[in-house]
Structures are given as C-alpha cells and as structure tokens.
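First chain A sits with chain B, and in the next complex the same chain sits with chain C.
So, the complex of A and B:
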C-alpha cells in the first residue's frame, strides 16, 4: 500500500516537471477525436447494453445463460485481441468483406479506419456495461412498472419514465468507466494501427519513434486528467441522485 | 408471467445479434487457428501445424506471463490483504483518501503508468531489463482490484464484534488476523486473486512499453504475431490465449455466485 501511495504521488509529481502545455494543432486534433470517439462509444454502448441487459434480466428462457456467457466472455480480452477480432470481422479476409462481396460484389473493409476502431471499442465496452446494467436492473422494483402500466402508461412511457430513471446511477457509473477505458485504450488502436490518431497512439509515437518524452508525459497527464475528471463527475452525480431518491 | 409478444422476440433477436457480434470473431479465429489455409477456407484441411508453430516461436512468452501473473498474485496477497484490513479498521479522512486512490488504475491509462516507471527507473539497467520491471507495473495495476475485492467483503461483515469476541477469549493479534479475519474474507480473497491473475495475463497497454526483447509476455507476443506473422499463426496463438483464460473466467463466475450458501454453512458449523 505504501508503494501504491508512493507511486500515485510520485508518478505524476515526477512527471509534473515535464508538464509542458500542449499547443500544437496535431496534438489538439488527436485529443478532440479521442474524446469524441470515447463519447460516441459510451453512448452507443449504453443503448445497446441497456436493451440487451434489461431483456436478459427480465426474461427467463432456454439458452439464456448461454447468451449471458457469450456476452460476457470478451471481458478478459486485452486490447490487442479485440483489435484482432475486428480484423476477423472487418479486415481484408474478414467476414463482413465476404458477406458484402456476395451481396454487392465489393469487399467492405473498414477495420483499419475510424469505424474499425469504433467497432473495437464497442466490442470491449459492451460486456462490461451489460454486467452493470443487469445487476442494476435486478434491483429495480417490477411493481413500479406494473403500477405505471395499470395507470395506462404505454410500454415506451414505462421505459422512459420508470426504467431509465431507475437505472440512472448504473448508467452514470458504467458510462464513466466505459468512457475512461475508451480514452485510454491502446492495444486495439495499436493492432489496427494505421493513420488513426487517438491520444494513446500519439503518446506512444511521441515516446518511442520521436523520443519526445516531454510531450508524451504531458499528453499522458492530460489523458489521465480527463479520465479522472469523468470518473469524479459521475461519482458526484451518482451520489447526489442517490441522495435525492432516498 | 412473460407475455411473449412481438416485443419479446424483437429484443431476443437484438440480444442474439449482439452476442453474435462478440462471439463470431472468436469462432472465426478458432477456425483459422486450425485451418491449413484460411484464405481458401476450411476445405483446405485442418491442421495442428499452426499451434505447433506458435509453441515453437512463442512458448517463452506463455511461461513468462504465467510467472509474472503468479508473482503478481503473491505480491498482491502480501500487500493487498493487510492493506484492506487496515482500511476497514481505521477510521478517518486518510483511509477515505486512500480508498479514493483505489480507482486510479482505471483513471490512469497503463501507458501513463508505464511512462512514469520508465522515467523513474529506466536508467537502472539491471532492473529495466529484468522481468521484475514488468512485475512492478502489473502489481501497481492489479493491487487496487485485490484491495477492493477484500474490502468489499470486510465491510459487509461485523469485523469489530468478531475481533472483540476473539480478543475477549484471549486471542493475540496474530491469532485474530489468521484465525478470524482471513477465514471470513476467503471469498473476497478468492475473487480478488482470480481477477488479479486474469488481468495480469491479459495486460498489454503497460507491458508493451515496459517489455524488452527478452521479456515478452503473452499479449506482447500476440501483438507481435498479428503484426508480422500470417493470420493462421495469430489465430492459433489467440486460441491458446483463450484456453488460458477460460478456466480463470469460469472460476470468477463460480467465486461470485455461491456466497450465500457458504455463509449459511459457516454459521451452521
């Protein structure tokens, strides 16, 4: 524990000496695209995971546990493996390429572009968020939904006014973790490595190829700062919403 | 209770689609790993040639990853379990601050930690080139997970009362810690341990920066094979990785489930 505290304090403090302000447009562009990508991934993941997670929590049917196992298996995949999975799906010999060639006659290959990166980020985010949503949906009181329905609410109204507000704390915490992971994900971008400029890749290139340690350190601090801020904001928001409902 | 209307089938179809999105590439890489020529498809014949090739080329990375994962586990147990105990017993603002710091490994990207480590110790040559350097990084990354897993169990039991009972019967601190505290947090330690080993085996972001040509771990080897080997070898290697983590994942699931029966039995005994 002493070592943990020492490095938590010592790491950034040691790096602070290199804390040069980043002004170059290239770094800024990389920063902006990373934040946008992480935000889009978080939003999409929340929607997908909520539909699947609430469904799996509410219904019992044969094969359900197999589905849950399939949906959570990729939890332990490192970023490189996720990148490879995207290549399998959308790479030059990928499944999507084969299918689109059958249909349109042309191979659709997007693994090495921003779309491929987005696919990869969705791939590792969905399992994490589904687990959180399922755990939260278990705690929702089904009577609230029944009450709403008996008062004449349509199923869309039930989703909007009962289920989504009930899951709000889970959305906040899972969303923040999803955002933070997407910001720092390096392995996926590294495997798909092309001309995609996301922040972790920029840090890596600056450090290894250009030996620009000062910039790499400054960028890491900015990256860490943004993710920490996202997590802190979500915790504060989740805390206040819990207090409000209590 | 369930009215299986159109809504049910639509949601089921959606969920199956999501599951397919996650599992189809896994199935494809398993197929590719044992197919003679993936470009021609399965009809080119099945082979274990690629698996053997991976074993020849990357055997060392598998052993190194296992060594590092076990060493990480030992260090995490030695530091993390006492640390969680201290955090659970000690009231005040400082432990809260430390708990706050436990979310750091999620907040601080592995790359940044790796950079900090290299800047701090990179010039110490023997350390930089040994696998212990990677071990330090992995411990920093995984320790909070161990502490949190143990802390979660510790805060769900009435520790002060248990300890007081033991103390009133004349148990020394040592006896209390090993005889009362540890058996009670067994479930947390197990869950934390499985988590730590899984995380350590799969860690790439940090390890890629910390590794040297002589200290390559499994994920580093994977990245290397994806970049420079044929698709079949990368696939076969990925399959071997799957087989390493599947037992761990099943263990995590099992460890998370039977907490209730276990405590009931403990109370009855």
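So, the complex of A and C:
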C-alpha cells in the first residue's frame, strides 16, 4: 500500500499525478462511469434481491430449495465466465439477438454496452445479497407486521415502515460489499468492456500496455479509497460490524 | 363505540391439514371482556386471530361485528386494536412514534395526532417516555406503550394475546389490575387470550374454556369454577382433588374413611372436590384420615399433599400455624355438597 502511494507521488509530476485523473478526460470518465455503475448495480441488486429474497423466505413451493441452491451458482464463477455468459446471452451471436431478430428482424446486441456490464454485474451481485436478505428476513418478527396491519397500515406501508427498516442492517452490509465488489470487478469488465472503460480496466491498461506506472498507482489508490470509504460509511451507519474485507 | 362480535360456525384448518379450531359459535355482547382460556395448542389464539382478521375461517364460517359480516374484510380495515405477548413495538420509532402510527396511516392532521398521542400517553401514565426508543423500556413499560398504541385509533374491539405472559409475577399482577380498570372504564369489547386461570378469573366478565379447538365451557368465572361441566374444565381451572370409592348405605367409602353421600347412583364412583372444601380437624372428628406426604409453607397458608385417603394424593390447604411434617396423620372433613360427579 505504502509503496503504491510512494510510486504515485514519486513520479515526475509528484502529487500532481492525482490531478491528472481529474484533468485527463479519459481517466475521469473511467472513474465516474465505474462509480456510477457500482452505485446503480448496488441499488438494483438491493431492490431485486429484497423482493426475491423476502418472497423466497416467506413462500414454500415445490422446487424452492433447488431454486435457492441455483441462485448461489454465480458465486462459483470467475468474472470472465460471467462475462462470457453475458456475451452468449446478449452478444452478436447471442440468444437475445436471435430472438429479437425473429420478432423484429433486427438483432438486439447490448453485451458490450453499459447494459451488458450491468447484466453481468447484477448476475454475480444478486446471489451475495439475496442470501443476506433471506437470513435477515427470517429474523423479522411477523408480529410487527401484524401490529402494523391491525393499526390500519396498507401492504406498502408495512413494507415502508416495518420490513425495510427491519432489513436496514442487512441492506447496509450487503450493499457495501456489493458496491465494493462492483468497484473492483475485473474479469467481467475485461470480457465485456470494449465500448466503455471501468477503473480496474484502466489501471490494467495503464500498467501493462503503457507502462504508465505512476498513473496506474494513483488510480489504484483512488479506487481503494472510494471502496474503503463506502464500507466505512456503511459500518458507521449500521453501527455494528460489517466485514471490511471485501 | 363498542361492538358485538359473533362467530358463526368458524373453523380453521391450516394448510398442513391440522384442525386448529373446531366449528364454533360464540356471541360476545358489546362492552364485554371475554377471556379465552386453555392450554397451549387449544385454539384460543387462532380464534383470536379469526376475530382480528389475521386468519380467515374455513368456507362457511362467518365473523360478524354488530351484524355486519366482516369475514372478507382484512385486518387493516377491521379497525381492531391488538396487543401481543412479544409487545411487537416498532423498533425504528420512538414511544410517541409507535403510539402515533395508527393515526399517521389514517392520515389524521398533525394537531389531532399530537393531541391523541398526548391523551393516550397520559392515560397509560407514560408521558415522560414519549421520546424514548423502545429498546430502552422495561417489559411493563413496553406493554403500556403497546396498549396506548392499540387504543389510539379508537378501535372497535381490543384483542389481547397473552399480554402479561412475558412479565414477572409482581408486574403481571399490577398491570392486570390496571388493564381491568382500563377495560371497565372504556367499556370496550375486549377479547383476552391467556393460559393463566388466575388472570382469566380476575379479568373476564365471561370465560371461554377451550380444549382441542373446541369450546369446553362458557360462563362467568364463578360458574366455571363452581360448576364445571366436564372433567377437563374442572381440572384445568383451579385445583381439583379426586376421590375414588364405592357408594354404600348413603356414604361414599374411600380408602381413608367415609363421607356422607348426597348424590344419586351407587357402586363404584370417582368424584372431584376443591381443596378449600376440605377442612383439617382434630383426631376423632374427621370423616377420613390420611398422611402428610409433603408440605409447602406458603406464608399465609400451608399446602399439604395428603396420601392414604384415596388412590392418589389430595391437596389440602390450611391457615393454621402448625408445623406439618411428612408422615403425620391428617384428619379431614369434606363438605358433602362439594363433591362433583362428572362423567366426561
């Protein structure tokens, strides 16, 4: 870590290496799109995982346990495989392309855009969050919902006033880890990001292809800093332990 | 304000096929406090939840509030107040926020809400707790908040599911007295579920004793206690002694002696009587004789377990100050009018 900081500051421009990140549009764009992507992925993941997780926790139906087991599949795949799967789904030869060509006559290809990245990131983020949400949903006191309903609360008021506050600690911890993972994801981005560049990709390019070690180091510090900040904020907000090792 | 509640052939079978409540019919007049009493699993809580609207009865069953069929109306529109054993206070709100909640979801203006919250907190004597978080409260305080919250929206009926079970004995007695006074003052129809017969006796205008999803007996506390209609009711409410013996020449002859017999029938019988209907007397004056098996000194009285009178042990209580030792002889007189013959 310290060496990384030293390398970044020890370049010909000194601390100004950090300034380059803001002034050079390519780096800034990469930084902003990574943060936006991670934030959007986190938000969407929380929404989807909460709905699915609470549903899976509350309902018993045939095949439920198989479904829950299958949901944990993505945890086993490296990012490259996830990216590969998105290409199979939404790439130039992909399933969605074939289907849309049959229906509309035009191939829908989004694997290499922001939408494709989003799909891949969601795929590996949802399982992590869904398991946390399910565990938290199990601990919710059903009497609280019944009390709210007896007081006249509608379904969505129960969600807003009882379920969401009850799941808040889970949202904070799972959300922070989801954000951190999305910030640092490399394999998926490496496979898919031909049109947009995310920070880990930029670092890779600067470091290996351009040998611009100073900027690569500065970008790495920034990446780590943002991620650490997100985890720290979540931990403060939750007031309890959130794993800082993501 | 208060409503009459009527259950018409309400049965409840759960998804797994277990029949929790029998088909049962029950009428609760407006303003009455009715207590569902029974061992765990007897269906009392399920019946309460049927009234609340948290469960719906099997097809054919109906729940009526003042002749209006509310069977299809969900709990959020039934306007019932509920109090749970686990308090179920919203942890993300303050005491005031909890009490205000039912008024907020009804979209009452802020001034009216504040006034009502003030009134409720005052009524439950918890005004100074208004800004506290609920995890900073004691059990008794939590249940007061729960009562204030349930009553704030002026519900048509108050439903209490073992509200005192989680509290320690002293607090339970104090809060029971308070709940009783509150219900009398509000004249609100209230349904109270408990497995504690002392609580049921103290609070209920009427008691519904339940067993295995069925109503075993409905009646005023004294009817339930003095004239139980079945062995189950007799033995569940209060303590009952069993005497096993043979009726011969106008007496019931048991192992330890004989008691005058005023009942009908003859031959071999088993009768029941309450401990307080037997008195300990001097040797020679007793009808039956037994031996002290164990004695429990309770302060105001001593409880003796007596063996040798009948096949089992009898419970007898005395307020005398004698020091009872195991093995000591006891002479008893049993009031012949106290003997209950119950066939079922």
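The rule is simple: the second predicted complex is superposed on the first by the 215 of 246 C-alpha atoms of A that agree within 3 Å, B and C clash if a C-alpha of one lies under 4 Å from a C-alpha of the other, contacts with A are read in each partner's own complex, and residues count from 1 in each chain.
Quick note on the criterion: a contact is a pair of C-beta atoms (placed from the backbone, for glycine too) under 8 Å apart; a residue touches a chain by one contact, two chains touch by 3 or more.
Just so it is clear, the structure is predicted and the values come from calculations on it, not from any experiment.
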Item to complete: Once the structures are superposed on A, label A:152 by its partner contacts, choosing first (chain B), second (chain C), both or neither.
Response: second
Item to complete: Tell me which partner A:217 touches in the superposition: chain B (first), chain C (second), both or neither.
Response: first
Item to complete: Could you tell me if A:236 is touching chain B, chain C, both of them or neither one (first, second, both, neither)?
Response: neither
Practice prompt. Once the structures are superposed on A, label A:81 by its partner contacts, choosing first (chain B), second (chain C), both or neither.
Written response: first
Discussion item. Applying the document's definition of touching, compare chain B and chain C: which contacts more of chain A?
Written reply: B
Practice prompt. Please indicate which partner A:177 is in contact with in the superposed arrangement: first for chain B, second for chain C, both, or neither.
Written response: first
Worksheet item: If you stack the two complexes on chain A, which partner ends up touching A:186: first (chain B), second (chain C), both, or neither?
Response: first
Worksheet item: So, A:65: does it touch chain B (first), chain C (second), both, or neither?
Response: neither
Item to complete: Enumerate the contact residues on chain A facing chain B in the complex.
Response: 1, 3-5, 7-8, 10-12, 14-15, 48, 51-52, 55-56, 58-61, 67, 70-71, 73-81, 83-89, 93, 95, 123, 126-127, 155, 177, 180-181, 183-187, 190-191, 200, 203-204, 207, 213, 216-217, 220-221, 223-224, 227-228, 231
Item to complete: Please name which positions on chain A make contact with chain C in the complex.
Response: 141, 143-144, 146-154, 157, 161-162, 165-166, 168
Item to complete: Mind listing the chain C positions that touch chain A in their complex?
Response: 52, 54, 74-77, 79-82, 84, 86, 88-92, 101-102, 105-106, 146, 149-150, 153, 159
Worksheet item: Taking the complex as given, what residues does chain B use to touch chain A?
Response: 2, 7-8, 11-12, 14-16, 18-19, 21-26, 28-29, 32, 38-39, 79-80, 82-83, 86, 98, 101, 103-104, 106-113, 115-117, 119-120, 139-140, 143-144, 147, 198-199, 202-205, 208-209, 219, 222-223, 226-227, 231, 234, 238, 241, 245, 248-249
